[in-house]
Amino acid sequence: MTQNKIYSLGEIASALGLELIGDDLCKINSIGSLNSATSGQISFLSNPLYMDQLARTQASAVILENKFSSSCDTNALISENPYLSFAQATALFKPALNCASGIHKSAVVNQSAVIHESVSIGPNVVVEANVSIAPRSVIGPNCYLGEGVVVGENCYLQSNVSLYHRVKLGDSVVVHSGSVVGADGFGFASDGHEQVKIHQLGSVSIGNHVEIGACTTIDRGTIEDTWIGEGVKIDNQVQIGHNCRIGDHSVICGCTGIAGSVTIGKYCVLGGASGVVGHISITDKVQVSAMSLVSESISESGVYSSGTWHMKTSDWKRSNVRFKQLDLIHKRVRKLEKKHTT
Amino acid sequence: MTQNKIYSLGEIASALGLELIGDDLCKINSIGSLNSATSGQISFLSNPLYMDQLARTQASAVILENKFSSSCDTNALISENPYLSFAQATALFKPALNCASGIHKSAVVNQSAVIHESVSIGPNVVVEANVSIAPRSVIGPNCYLGEGVVVGENCYLQSNVSLYHRVKLGDSVVVHSGSVVGADGFGFASDGHEQVKIHQLGSVSIGNHVEIGACTTIDRGTIEDTWIGEGVKIDNQVQIGHNCRIGDHSVICGCTGIAGSVTIGKYCVLGGASGVVGHISITDKVQVSAMSLVSESISESGVYSSGTWHMKTSDWKRSNVRFKQLDLIHKRVRKLEKKHTT
Amino acid sequence: MTQNKIYSLGEIASALGLELIGDDLCKINSIGSLNSATSGQISFLSNPLYMDQLARTQASAVILENKFSSSCDTNALISENPYLSFAQATALFKPALNCASGIHKSAVVNQSAVIHESVSIGPNVVVEANVSIAPRSVIGPNCYLGEGVVVGENCYLQSNVSLYHRVKLGDSVVVHSGSVVGADGFGFASDGHEQVKIHQLGSVSIGNHVEIGACTTIDRGTIEDTWIGEGVKIDNQVQIGHNCRIGDHSVICGCTGIAGSVTIGKYCVLGGASGVVGHISITDKVQVSAMSLVSESISESGVYSSGTWHMKTSDWKRSNVRFKQLDLIHKRVRKLEKKHTT
């Protein structure tokens, strides 16, 4: 990790493809929020609710829409989508962590593995037979790559990642620490007394530009591969069961659990701690709100929820007593209605 | 991992104890679903809903019940329980992964550990004092076995598993990557200002034939051991609190959380992302549906649920407004009824 | 791990600052529950419900309130808060695990790291550049400490912990196995087609006396640090999103998920598997019950819940049918009321 990077504002405008109003030689060393930014920092305005913060900001430059530029007393970068431009700016300031190419001497790498010379393999990594790793990928410390694993170009595995045998990562895949890809799907057949294991003979196929959070698990398929589409973003502590298929560019927030053999469309968003029961399909562009359970297939795009809102526990208990009686209460209403119509 | 295994159909029939109708010399190299299987693959029919797939399958052989054999145009293996026979067949085709017996030279093993010569200890494994490991067990790369850990025969620990001091595994226990057995139970006593730690002096005892998924945690007991019965199957991302006792052959699906001091009977099934509050008991043969919370002891076998079904969020909000008023609505119904009876 | 420790009862009374009624030379070798304790064990009575167990206990001594001492036939230690005294007693009997100071020869430690000579660094630990570790801290086997990590005094990291670059731990912080602190917050900006990563430039700051369970994840902030206050206790499998701020002495039970940019007050208790949606605030001394979702800010201390109680699934389905119709049912009640008032 080197010292903070420093750019001129002109360099940043050029890197992000934005029009600059102000001093192109102004030095920028980091990013700050409108509220907290100090001199030398660049900030952004993506929500008009924060206009008052714009007026008071100490930032040396602000990324904003043209229509707000007259309200900006400091240097401005004009963007049609300031939030997206901010995202692009973060890439300029991310720390350059040490990941020298080559294989650390403490790593245990099988001779049959095919590893490009530009790849970085960290300390204590274990690479089994017939693994292949494409150019510029980084395998962090203490990772395990099972037999026949395939890692594409420009992948980044943080420390302590486990990839079971034959798991395939596309290009530019990021996997955070503690995650496990390719463990056995949870499949058993009862013999009436014990659960007999169904060995999981498929694997997991991860598309290009997928990001997988920390302590997330994606199970291998029973016969065919569990499949994660291109550009899918998966947060921490997510569980994806065997045989699932997740469509391109879908987003799965933290703590979500998806049971086995689920098919999810493209551009879906599963909110935090949501769940999906097994063997169902969800079409494209479905959003599921936090801690909601999808218990049947969804064939119409839209926003879906389950559960109840939080209440003071004393009030909630009263509602719950009545929830238990709800069918009975309904019968009583119907009876009253009948009396009125007769 | 060697090449795919190849069997004659006669060998498979014999291994599974099934009657063969057709060519016992037919070569089988893998398993496929009825829909996707190609020549050289064996498939199975366990659900009559898929009869149409049977008619079209390209599989070289199908495991099915006798009553469906006349509808099978290819070789048939006759089974009273095709799903169970399929499970048994998967064992024939599971890959033989490299786990040579002996201790990898990079492993750090305390001299006092008692490790059978048939045991395989992978790279970078750390084994503390007084550990014992019985014949034919495999300890995957980067595992940690704390002081006094006992591992039975034929166990398989995948990579990056942590067993804290004095954890005991029975025979034929499987633990998937990233799982932690024996971390401190979550116990504190408030002194009115701070939380004072209750050190967890018990351990964890895991029965024979237990399987534990990836990134699952089972805490050590406060005074006595947390206890997992024989044949219990635990999926990924499950949390089992301190002092719990899980009865034989129960099944705990992914993302389930069980608080401390819970006793669960035999042959229970906890659905995915379900929860159990602390200090309660659940009798034998209870099933809990996905994302349901068990908030009181259950003394009667059966199927239990909590929560609400998913709805379009706009409709769900309207129901939620009324859920908050539910006790009031009930009072209004009662008032109407009184008017009618007076 | 040495043999069980043995104390005289007088030594224990002195260590806990309690009055002793009985034999101060009585030898105590461990702690037991009233029910299971045998000779040589000390037990405690914190709940009058267990008075009958007190009468029958085989423990050699019992910690209890003065008012119950006359019912105690064995040696007694008099405490105003027996549960707290029990917690303090557990510290006397916790095993002394091997963690010799010094750096294990298999550890990979960057030359620029500043590590006090009293620190213990276990096998296969990886320590990157510019890390600093203060006196008497223990870094367990297979841990990873990224560039610029700061670890305070008397910290204890169990095996397989990952701390990303620049994470800061205060003094006396415990982190259990498999946990990941400082992974990237889940931040993306859509360009209308793909999700563009917002690199997470902040870090994580953990206060003194924090305990973090196993397989828990705490994400780094986008611009500023995610912040965990003093004395916060976090259980297993918890997810804390980027930019969160958790107030001093709050307790977060297992499987809880907290989305990004949440502020939680002091002395809060989040029950097991509870959830908090993003960008909200919760005031001090709020309790949230198990598997409840906090979906709006809470400005009043108290106890909050969401969801419904478990029921037999057949009954629950009937209630759920009516939950879907709840707004309609309400309309029908209103209509009936109108008929009555007109």
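Points to keep in mind about this one:
As written, the chain order gives the labels A, B and C, with residue 1 at the start of each chain.
Definition applied: contacts are C-beta pairs under 8 Å (C-beta built on N, C-alpha and C of every residue); 3 or more make two chains touch, one makes a residue touch a chain.
Just so we're clear, the structure is a prediction, and the values are computed from it rather than from any experiment.
If the chains shown are joined wherever they touch, the resulting network links each chain directly to all the rest. Overlaying subunit A onto subunit B using CA atoms gives a rotation of 120 degrees, to the nearest 5.
As a whole-number value, the distance joining the C-alpha centres of subunit B and subunit C reads 25 Å. For subunit A, the set of residues that touch two or more other chains comprises 106, 124, 142, 160, 178, 215, 237, 255, 307-309, 311, 323, 326, 329, 333, 336.
By the touch criterion given at the top, residues 1, 30-33, 36, 81, 83-84, 86-88, 90-91, 93-95, 97-98, 104, 106, 122-124, 140-142, 158-160, 176-178, 209, 211, 213-215, 231, 233, 235-237, 249, 251, 253-255, 272-273, 290-291, 307-314, 316-317, 320, 323-324, 326-327, 329-330, 333, 336-337, 340 of subunit C touch subunit B in their complex.
Residues of subunit B that touch subunit C in their complex: 106, 108, 124, 126, 128-130, 142, 144, 146-148, 160, 162, 164-166, 178-180, 183-184, 186-191, 193-201, 215-217, 219, 222-224, 237, 239, 241, 255, 257, 259, 273, 275, 277-278, 288-289, 292-296, 298, 302-309, 311, 315, 318-319, 321-323, 325-326, 329, 332-333, 336, 339.
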